[in-house]
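Same chain, two partners: subunit A is paired with subunit B first, then with subunit C.
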Partner chain A sequence: MSAPALVVAAWLLLIGLYGVVTSRHLVHLIVCLSVAQASTYVLLLAVGFREGAKAPIFGDIPASSPVVDPVVQALTLTDIVVQASVSALLLALAIQARKRFGTVDPNRIGELRG
Partner chain B sequence: MSPAARSGLFLVSAAGLAVLLGLALGGLPGFDGPLGDTAKLIATHAVAQRKASNVVIDVAFDYRALDTLGEEFMVFVAAVGAVVLLRTTRDERDEAGSAELEARRPPETSDLLRLLGTVLAPLTVVLGVYVVSHGQLSPGGGFQGGVVVAAAVVVVYVAGQHVAVPRGGPIELTEVVESAGAAGFAIVGVGGLIFAAAFFENFIDPGSQGSLLSGGTIPLANVAVGLEVAGALVLVLVELLDQVIFRRGGGK
Partner chain C sequence: MDLAALAIAVPLLAAAGLVGLRPLLPRWGAQVLGVAAAAAVAVLCSIVLVRARDETLVYWLGGWRPRGGVAIGIGFEIDQFGAGAAVLAALLAVGAVVFSLRYVGETDDLFEALMLVFLAGMVGFSFSGDLFTLFVFFELTLISAFVLCGYQIERRAPLEGSLNFAVVNSVGGFLFLFGIGLVYGRTGALNLAQIGRVLDGEPADALVAVAFGLIVCALLIKAAIVPFHFWLADAYAVARTPVCILLAGVMSELGLYAVGRIYWSAFSGAFTGAEGELRAILVAAGVVTAVLGALMALAQTHLKRLLAFVTVSYLGLMLAGVGLLTAEGLAGAALFAVGDGFLKAALFVGVGVVQHRFGHVDVGPLHGRGRALTVTAVLFAVSSFAVASLPPFGSFLGKTLLEHGATSAGYGWLVPVFVGVSALCGAALLRAWARVFAGLGEPAEEPRTIESSGEEAGREGDEPPGRRPWTMLLPLAAFIVAGLAAGVWPGLADGTVAAAERFVDHRSYAVSALGGSAGPPRAAIPSGVPHWYDWLYSAISLGGAVLVAWVTLQGRRPARPLRRPLSVLRAAHSGHPGDYVAFVVAGTAILGGLFTLLLT
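Now for the complex of A and B:
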């Protein structure tokens, strides 16, 4: 049954977006974005998973054994790397925002600029 | 927009998104269905063609190497961007006076923690190098191993050693390592253009399955990516930790 994994993926996306929308702190906002992005890992791995299949590493298993989808696993690897880089860049931006506006509350940053 | 209005708008649109997600995810094949055609082909032929046991690495560093090149340069650009932003902040601080240089020193830590850090840091680097070099045989590869190598910096920081390196010191070397790794992966791709027919074509003899150098260009690409990721992460971590130490010092 793939339903639980897909429900978790959808839930992570929605709860992450909820956190981004209602966030009062830039670092909290970045963490919420990471939560929303974690849904894509769950979704990709759920798309590739098969009952009884093994990890796609033919070190100790016979060449004919059924394995899970290696393509989506490689895509998940890309996804995780992208998320880590984006978080680093956003955290650096948060530090700059604190320097420039004297606050890390996204609502108040907008007020000060106007 | 007031917070209440924003939450209301979000709830309405999230409900719509939830319905669409339910429709889209409901149409996906279950865990008992057949694999996609690409997955079937790759799972059947990758090891026979490339001799690297780890099919995920076969996909990431051979069949899909062009995508991974883009991904690698994304890491590069994000690291450069983060470092540029953080250094702008530091220049302002340096003007604020040299008293802060003293405050940048991390607080004293216990001898036990220092000893643990001293023992763990080199072990972490060895583990990282192992993960990078065995990516074609077992779970791992350049990205994962590079992160483990960079984690040694965090171990050193936790142990309370001096991470706030002065300009012109060995920290400049990580920029060279990062750039060399990024360029190295692109050069592996150009090698395919020179010695074979196409960009990123595997132009080295793949060897025999299970040996350390199996996979042709895959181990080379993994080392290049490992250098790039380790360099980028060390650079960003040192710059971020520098900020932490500065913030703490500024509070006194």
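Now for the complex of A and C:
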């Protein structure tokens, strides 16, 4: 795992969460969540990366050649699927908020307090 | 051990069938299928629980067994704790689906389908033996919970509750996966036992501590530990009662289960020598949660939100038990979770009956109106006392074990905390009971916290007054009986301690997963509870609960020195997802920083 990749991953996570914390628009908030999520993709792929290695598909390369770690790629794919469904759900909620209550500002939906 | 796989496949297939057959299936057919599938899961998990009595069950999906101590396949590792959590989830799901037969007037087949996916996620979560499978079932559970929570999307409060729930817990998912990535980068393993073997050799460095901190924080978000608890009150206050039963009865507790599972199977070797520091951090987080939750519960006038804060408070007690890092503390937390899970489910059903009858659950306007619901009133009072650790309910036995665990771990000062928190939570429940069902005290004048008008949807106008359908009262009574059984089942306390001894045995877990030679099994010491002073503690809790309820019934406002802190505390629960995420980030920074400083 290289240090620059780790720094990029940590940066994406923090900047995404900063966006979520300060967001005044639901769609913006959901995109910021996706940015934070992207940090995990970077981290996972960096963990499995090997200098000069090929994609882990052994159809057309000899079985002894170096390849990057396929496990983390599977994890990343699974994670993308998870994120897609959560984003879809959140966007559906945002559309409902706009349609029914005429606002996409998380401050203005507010009814739950104390 | 194919039954374990079946216990996940059955609800998922039934859910797929419910969705696929929607045009053909009559409404009652879908409901029967939903109840039958949940009941089948309960039976399957019970068989697994019985079989897990003597050994940890290991099942490799697709026959991908580990070779030479290296596991590539996905493994289930099921001991009595995991199987027990699955049985609890399945039993609560049966009760919830039965309860929803009449209650959820406007739901369709998708509701049952989602409940089954939710159940499958929780069962898989309790069975998983590797980090990534834990993560996948974690997300599956949460996504179905988000949707169920916001099921009445046309109303403002469920929409907001679901949104806060989803945003905060998604952030938890990122932290979890980030931690998994770091662990995999260090150890090259996802299987918990294999991670444990790699980490065993040397003391933890900063990377291991940070990874552990991220994973624990993600699970504590799910378990609603302060300062990660904000989403829970919003979500539980707006979800329909059947959903609340599963959410409050078992889902949050599973987060604590996973903290224990991951610590003892993977990290306990690396943190040898730093147990004292870890114990102090976890117990402190648990105590703060317990006290804050109890105070917030006393400040509520919305019945479901009140129950939500009681849940938060008791999750804090359970974390303090798990955080003792001893078998006895863990056994106490587990038994307490089971007893309390059933009883809290009973309370939620009681609130659901009130909502069904009156269309809302605000204590103020309901003042004295609950007199018409005699049976519910009696059962609600019984459950309230039981939650405040009335012997011989499961909550009493579990709390007794917890107190013994705390004393023998050198944390004797926890005992008065446990007693006091039980008293405060019991007082909050009893005061609400006295107002709603007995008409005592002045009507609460606090402004409504949550819109109530739209909840009429939960009411069925054709129901003759004074009659509750048996599908509502049956789960209520059954949950109370189950909570009682968790306290009087012969040998349960000793059996739980023995199971906990196996749960915390780092080496034998690795051996049952990956092979090798185990040392001699650890001998379980009979717990010998309850002693005479345990009855005394319980009496103090109950007396304190009645006293505090009585005193707070008289005056409408809290005592002057408490007002300002309470209003600050309440203002922090702002209902804004950004604020909640800010608390999550701050909490993660503090906990992760403490782990890095103290555990390496």
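In the analysis below, the second predicted complex is superposed on the first by the 109 of 114 C-alpha atoms of A that agree within 3 Å, B and C clash if a C-alpha of one lies under 4 Å from a C-alpha of the other, contacts with A are read in each partner's own complex, and residues count from 1 in each chain.
Here is the rule we use: contacts are C-beta pairs under 8 Å (C-beta built on N, C-alpha and C of every residue); 3 or more make two chains touch, one makes a residue touch a chain.
From a predicted model like this one, the values you see are computed outputs, not experimental measurements.
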Subunit B versus subunit C as contact partner of A:Phe49, first or second or both or neither: first
Touching partner for A:Gln96 - first (subunit B), second (subunit C), both, neither: both
Touching partner for A:Leu77 - first (subunit B), second (subunit C), both, neither: first
Partner chain(s) touched by A:Thr40 [first = subunit B, second = subunit C, both, neither]: second
Partner chain in contact with A:Asn107 - subunit B first, subunit C second, else both or neither: both
Set intersection of subunit A contacts, subunit C complex versus subunit B complex: 1, 9, 13, 17, 21-22, 43, 47, 71-72, 78, 82, 85-86, 89, 92-93, 96, 107
Subunit A residues within the subunit C interface of the complex: 1, 9, 13, 17, 20-23, 26, 29, 33, 36-37, 39-40, 43-44, 47, 71-72, 75, 78-79, 82, 85-86, 89-90, 92-93, 96-97, 100-101, 106-107, 109-114
Of all residues in subunit C, those that touch subunit A in their complex: 72, 132, 136, 139, 143, 146-147, 150, 153-154, 156-157, 159-164, 166-167, 170-171, 173-174, 177-178, 180-182, 184-185, 190, 233-234, 237-238, 299-300, 449-451, 570-571, 573-579, 581-582, 585
Contact set on subunit A toward subunit B in their complex: 1-2, 6, 9-10, 13-14, 17-18, 21-22, 43, 46-51, 55-59, 63, 67, 69-74, 77-78, 80-82, 84-86, 88-89, 91-93, 95-96, 99, 107
Subunit B residues touching subunit A - in the complex, by the definition given at the top: 3, 6-7, 10, 14, 17-18, 21-22, 25, 28, 30-33, 35-36, 38-39, 42-43, 46-48, 53-56, 58-60, 64, 67-68, 71, 74-75, 78-79, 81-83, 85-86, 88-89, 92, 137-139, 141, 143, 147, 209-210, 229, 232, 236, 239-240, 243
